[in-house]
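Same chain, two partners: chain A is paired with chain B first, then with chain C.
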Partner chain A sequence: MQEPILRLSNIGKSFGDFWANENINLDIFPGEIHALLGENGAGKSTLMSIISGNYLPDKGKIYLKGKEVFFRNPKIAQDYGIGMVHQKFMLIDNLSVWENIALGTISKFTIPKEEILNKIQKISKESKLEVDLHKKVINLSEGEKQKVEILKLLYKQAKILIFDEPTSILTPQEIDSFFEILLFLKKRKHTIIFITHKLEEVFKLADRISILRKGRLIATFLPQEIRSKKELARLMVGRDIVFKVDKEEIQPQETILKLENISCTKEKQKKLKNINLEIKKGEIVAILGVSGNGQENLARVLGGIEDFEGRLYFQNQTYTGHTWTKNFPSSVSYIPEDRHNLGSVSELDLEHNLILTRLFQFSSKWFIFWDKIKEKTKILLSNFHVKAPKGNKTLARHLSGGNLQKFILARELDKNPQLIIAEQPTQGLDIQATEEVWHRLLAARKKAAILLITGDIKEALSLADKIAIIFQGEIKKLFSSQNREEISKIGLYLTGAI
Partner chain B sequence: MEDFLFILGITLQSSVAVLLASLGEIITEKSGILNLGLEGIMLFSAFIGFICTWYTQSLILGFMGAMLAGGLLACIHAFFCIHLGSDQILSGLALTILGTGLANFLGRSFIGLQTLSLASFSLKSYYLNILLRQLNVLVILAFILTYLIHFILKKTTLGLNLSSVGENPQVASSVGLNVYKYRYLATILGGMLTGLGGAYLSLAYTPGWKENMTGGQGWIAIAMVIFSCLKPIRALVGAFLFGAFMALQFYFQAIGKELIPAYILKMLPFLLPLVILILINRKNSKYSFPQGLGKPFLRT
Partner chain C sequence: MLILRPRNISLTKKISIFFFLVLSSFLIFALILFFLKKNPLLIYKTIFFTPFYDFYSFSEVIVKSTPLILTGFSVLIAIRIGLWNIGVEGQLVLGAIFSSIFSLYFTKYFPSSTHLFFALFFSLVGGALWSFFPIILKLKWKINEIISSLLLNYVAIILMEHLYFGPLRDPMGFGFPGTAIFPQSVWLPRLWHTRISIALFIVLALILLFYFFLKKTPTGYKIKVIGENPKAAQYAHFKQKKLLLAMFLLSGAMAGLAGGEEVLGIHRRLQQGLAIGYGYDGIIAAFLAQKNPLLLPLVSIFLSILKVGAEEVQSVFHLSASFTQVLEGFILLAFLMAKTFSEFKLTRVKTVKN
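Take a look at the complex of A and B:
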């Protein structure tokens, strides 16, 4: 077998106590297209950032063509011929395409514009990456920006090209042409590594497939070694045992929320397409999906932040997008994913944070009843076991993620809402805090309907009565969480394989 | 004709300090650093320029001292904004207070004194002399600098790198540019040009040291930078505008007609440019300033 061009040996990277990568050994061979597959948070992006010089590994070594190398910054990796196209493009909006491509490479005092343009044009003709070089980047489409990023790497003579979820922001046509570009680059003996969680892309393009799960490399395969998408999905998601959560049976009661043909368009892209859903009191419905498939938008729509088309029925009243955002009912509790910026105000203390959503309960027309607020905050902190170093006067930003989440949960559940929208309620929490949040939510459903928006299969299976799979802005499947046959296919549904 | 040349001469002469400070600020803002300390830098450098000339009896040393002083004050601003990531507006305002306070305090015993001043041109021709005797070598230098900076920003690698650092320091850093270096360089260079503008006031335009002798020209320079959308040639136009109103004020005083009260005349050079700025500038200014302006960049 040939020499690997890039060899990772025992790579480890930690953020605080959390190991994003652990003991990763990976060989990349010259001229291959290598797919890196894994769920959100599996450590794919961290690993690629190490290879491209954005992070230094805490452990392990990197060998390039057999020689050990240290990438202290991206520039050094670039000089060794390794370039990365980030998910968020690294381009300067107000400069033209050619300026972006040549930036950082010009050594002459005056810019040899003609020379640069000729060189870029030659590369873009050869690789069929045609972009108007004089346009400003701000006026380009996402697909064009990606071409500029690739040109940038080729201009700097990168031999190993890394792509972080390259197709996530492209239109289907753009994806097809992107694949052609990749195959062309491969023909020109470039080595390509790309991160993805879309299974069909892997089978279409990859020469070899590596799977990461929870920061560890599970295995590297040839595509023909894997019999089906199903097997790949199982490898990627893992066969985690479902946590046993004591869940008492509750008979669903009257319908609280009904969505009828809810759609949402943002920046000319349909983020949600005709969502229909019904939630009853006493019921937890989970919206399950890989991030970027519209569940963020659904949460913002229902949380009264984003406008929508279609109709929404809440407690026998009909709302449109306009009336829902304007007269957002106080009996709805929204627990947002971004607890630091949307769920709380980090520079205010907990008393102030308490009344963010509940001022109406603690005020008359002219006055705010601070003594009542004080008392309430105190009770909630002790009832929900929130560890606040300075009690009521703790600033929200001084609470740890888990404690802040418990506080927000306390604030919202104590409001006695009819509907709770919980978005990724346990993301980033440790096991203990997670369990506590779960128990609170399960207890809350006695009095309310709960919509749980999550990317965590375990969470959905543990809590929900019904599971709705969201994929590319549509609800693809709705089934009971008791349905064993459907549950076994969740991995496939999530990745759009069926 | 004589009147016209007289006004033109004073216009050119009056615009130089504002022009130099604007050019300095353009360079600084291109790199993403906002320096609102121009007034302080200008006054302090005017004083240092004066005092250096007073003791050394050398104009060259005076101007050099002023530029050094300007660069030094800007360096403080640079350190706070670049290394410590402080609020740039706050740091700039503090710099103004520091510069003016220091200059006025140290200069108490020199108020009203004069030293050498930069000689004006003179020629045999009568008409040309009306114009030329208002001008000196620094006026010409300021115009040359305007073009030079225009050229550097537009056509050179230095200019491209500088604006990329100002637009998006993360990207600039990822292609291997040293964001800190460029920002320091631009802020200090900007301070030096502003310092030269200050020295022009105390050593050429109105020779001698007077308390608060900049009289708000630093703030006018900032207004002109906003008007210029960071284009040196437009800053030149803005500076002329200021100079023209200055000249008109002198002209009306010189011919002694009490058409307009003197106080209103004195106000005009400061008021009218601002009004014009507001009217001209509403539409397109948003996109012509660096996206990274005023935002701290700390390397990860």
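Take a look at the complex of A and C:
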């Protein structure tokens, strides 16, 4: 048997009372592609942050090629040839590609530009990672940025490369070329660890698969030892999961929202171009797109936070951008993607957060009815299964992402809205919480029209009655979620291929 | 290697950490005094016993704490909505100027029973006016209110000096830099043969009112949300600009009231020695009170004890009274450290030589 290049022994890491990692023993062998699988909150990112020197472990030891090492900071891990590509890229937008790559490696007073450029060019040719070195990072696509991140690691002579959910923001085409890069790196004897919760990727790429559940390492497998995706999913969650959502048929009723030529310009860039859309009560319309194609702006426009041009009809009333933001109707619920900073106030307790969008229901002109709020919060916490350590008095920041999302959902649905704008409602949630959110939304459409803004194809197919593809600020295609022919072309629509 | 790790501890433990750190700051300060060849024990005894020597001494503590509660209140009001008012000193001066001009020249147009009311009212107006400039610059052109309000302090002080050295100087004052004594009808009534005036009770009532305003009213709630997270306030469609303007003006008005209280209650004229740093001490008071208005009076009394004690030390030991500012700094530092250490613990991590 081969000697492991990296060995983790009894690694433990806690945040407060919560153990994100406990007793983790893991061997990584040189030249393998090792997939780390687990639900959200299973402790994958924590573990990788320990390996790359971003976190210090509370317990346990790390051995590199048999020798004990201590990574006080990422720089030291880097010196040992360990590098990480984070889920959110760590690049500086205003610097050029080559400056980003060379950042942190120059110890001289002057910058040997030619030398650096030559070195990068050599690496990029060898590894077939071709990017225009003089372009500013802000002008790159997500796929190109990822290439820059990989070049950064190779430039620093990383031997072990860690990727945190590398494919989550890439288009299907970009994902394919990313896989090629990984296989190429493997051929060049690099060791690769990647975090994912997409099961297909695991079967396609991994030499070995480790599964984390609730901070513990469940087991490490060879891909052929696992029979099916379903089994893998069960290992991840610890129970059988339903991949199909049972959807009750509902006849669409009157039109609730109609958009007419909605456009939006920000920093001299057209973010939305002439959006036309109609949503009826009892209907879920999904806006599907790869992030950065204007759906963030659409959500903010409809949520009354961003100004727009064009006309909007809501419940037989006409609004312009100005009147919509000024007199935002209380019968609209906006569930934002950023639940920590937009949808809630992290330093206030749940009672305070309950009335964030519902102050008018729980106050007269002069007084807030705290007794009523207390009661309502209690009921919603238990009905929506929100785990709050201190009940009503829990600060919003002490809720986990999934529980906070459930709380916001509870707040907004209980308002009995006519229109619900749900922006990436299950992003970052584990399978259990996702299922719950989905069921809640499906139930809510009986009384409301729902606009679902998502990047998750499965989510759109499971929930929506109609799917609208958004690409570069335009709605490219609108079709029924039953239309098999169109569904088969979603990947092409998303990337703008047709 | 030492690192900070988060922890959860009980309130009693947190408080004991705080007192431990405050105690150590006193010890460090004692060391400094020792090197100055002064007896630290005697000096501490003077600081902490003088104010309690008799009723009058303690009343002086209360007298000193009244403007401090107000300036602290002024800073705190702004903080609650997420703004920094560093211009309290200048707003205090403007409040005093407005109050003085009314008291000297306009009392004759009003019945005497309303004089005091108007004199106080104009101090509010003066302070609010001086806070209007920074906040309007902020709301219109996003100019940082910390800098603009701070710079206006110097303008206000020079304006005041011009007034009492120039046009407002008392012609019978033998060249003394100050205005004439105000008519008695604007004097703040004093209590119990001390210099404590009814202003103290006005101030305490205002603080209580503000506390319930934040807690019970929808507007108070909106202010809390804007102060904690302006983005969430935008999400909730609160009208932010109006509230930011109103709260900053209120903050300025409270600072102005501090000025009015000083000239109407203590000096009874506008004179040198008005701008002696209550505005800046207010920042410390607001910080120590932890955004909680109810704690302000306690914190202000504590800081005033140091001040009164220091004056005594100055006359007895020939030490500059400003040395208490060093002690104040130490205490603030201890407080900040206590805040960190009640949430994190310092742990040693075993390191391996790589």
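FYI, the second predicted complex is superposed on the first by the 256 of 498 C-alpha atoms of A that agree within 3 Å, B and C clash if a C-alpha of one lies under 4 Å from a C-alpha of the other, contacts with A are read in each partner's own complex, and residues count from 1 in each chain.
Basically, contacts are C-beta pairs under 8 Å (C-beta built on N, C-alpha and C of every residue); 3 or more make two chains touch, one makes a residue touch a chain.
Since the structure is predicted, the reported quantities are computational estimates derived from the model, not experimental observations.
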Open item on the list: Looking at A:Lys75 after the superposition, I want to know if it touches chain B, chain C, both of them or none. Which is it: first, second, both, neither?
Closed with: first
Task: Contacts of A:Leu91 with chain B and chain C, given as first, second, both or neither - done: first
- [ ] Pick one for A:Glu99: touches chain B only (first), chain C only (second), both, or neither.
- [x] first
- [ ] Mind working out whether A:Phe15 is in touch with chain B, chain C, both or neither, as first, second, both or neither?
- [x] second
TODO: Pick one for A:Thr357: touches chain B only (first), chain C only (second), both, or neither.
DONE: second
TODO: Check whether A:Ile111 is in contact with chain B, with chain C, with both or with neither, and answer first, second, both or neither.
DONE: first
- [ ] May I ask you to name which of chain B and chain C touches more residues of chain A?
- [x] C
- [ ] Answer with first, second, both or neither: which of chain B and chain C does A:Leu170 touch in the superposed model?
- [x] neither
- [ ] Using the superposition described at the top, list the residues of chain A that contact chain B and also contact chain C.
- [x] none
Task: chain C-touching residues of chain A, taken from the complex the two chains share - done: 15-17, 56, 58, 68-70, 72, 76, 80, 303-305, 325, 328, 334, 336, 341-348, 352, 355-357, 359, 363, 365-368, 370
- [ ] Please give the residue numbers of chain B that touch chain A in the complex, ascending.
- [x] 155-158, 160-161, 163-164, 167-168, 170-177, 287, 290-291
Open item on the list: With touch defined as at the start, can you tell me which chain A residues reach chain B in the complex?
Closed with: 73-75, 78, 90-95, 99, 103-111
TODO: Going by the contact rule at the top, pick out the chain C residues touching chain A in the complex.
DONE: 1, 3, 5-8, 216-218, 221-222, 224-225, 228-229, 231-232, 234-237, 349, 351-352, 354
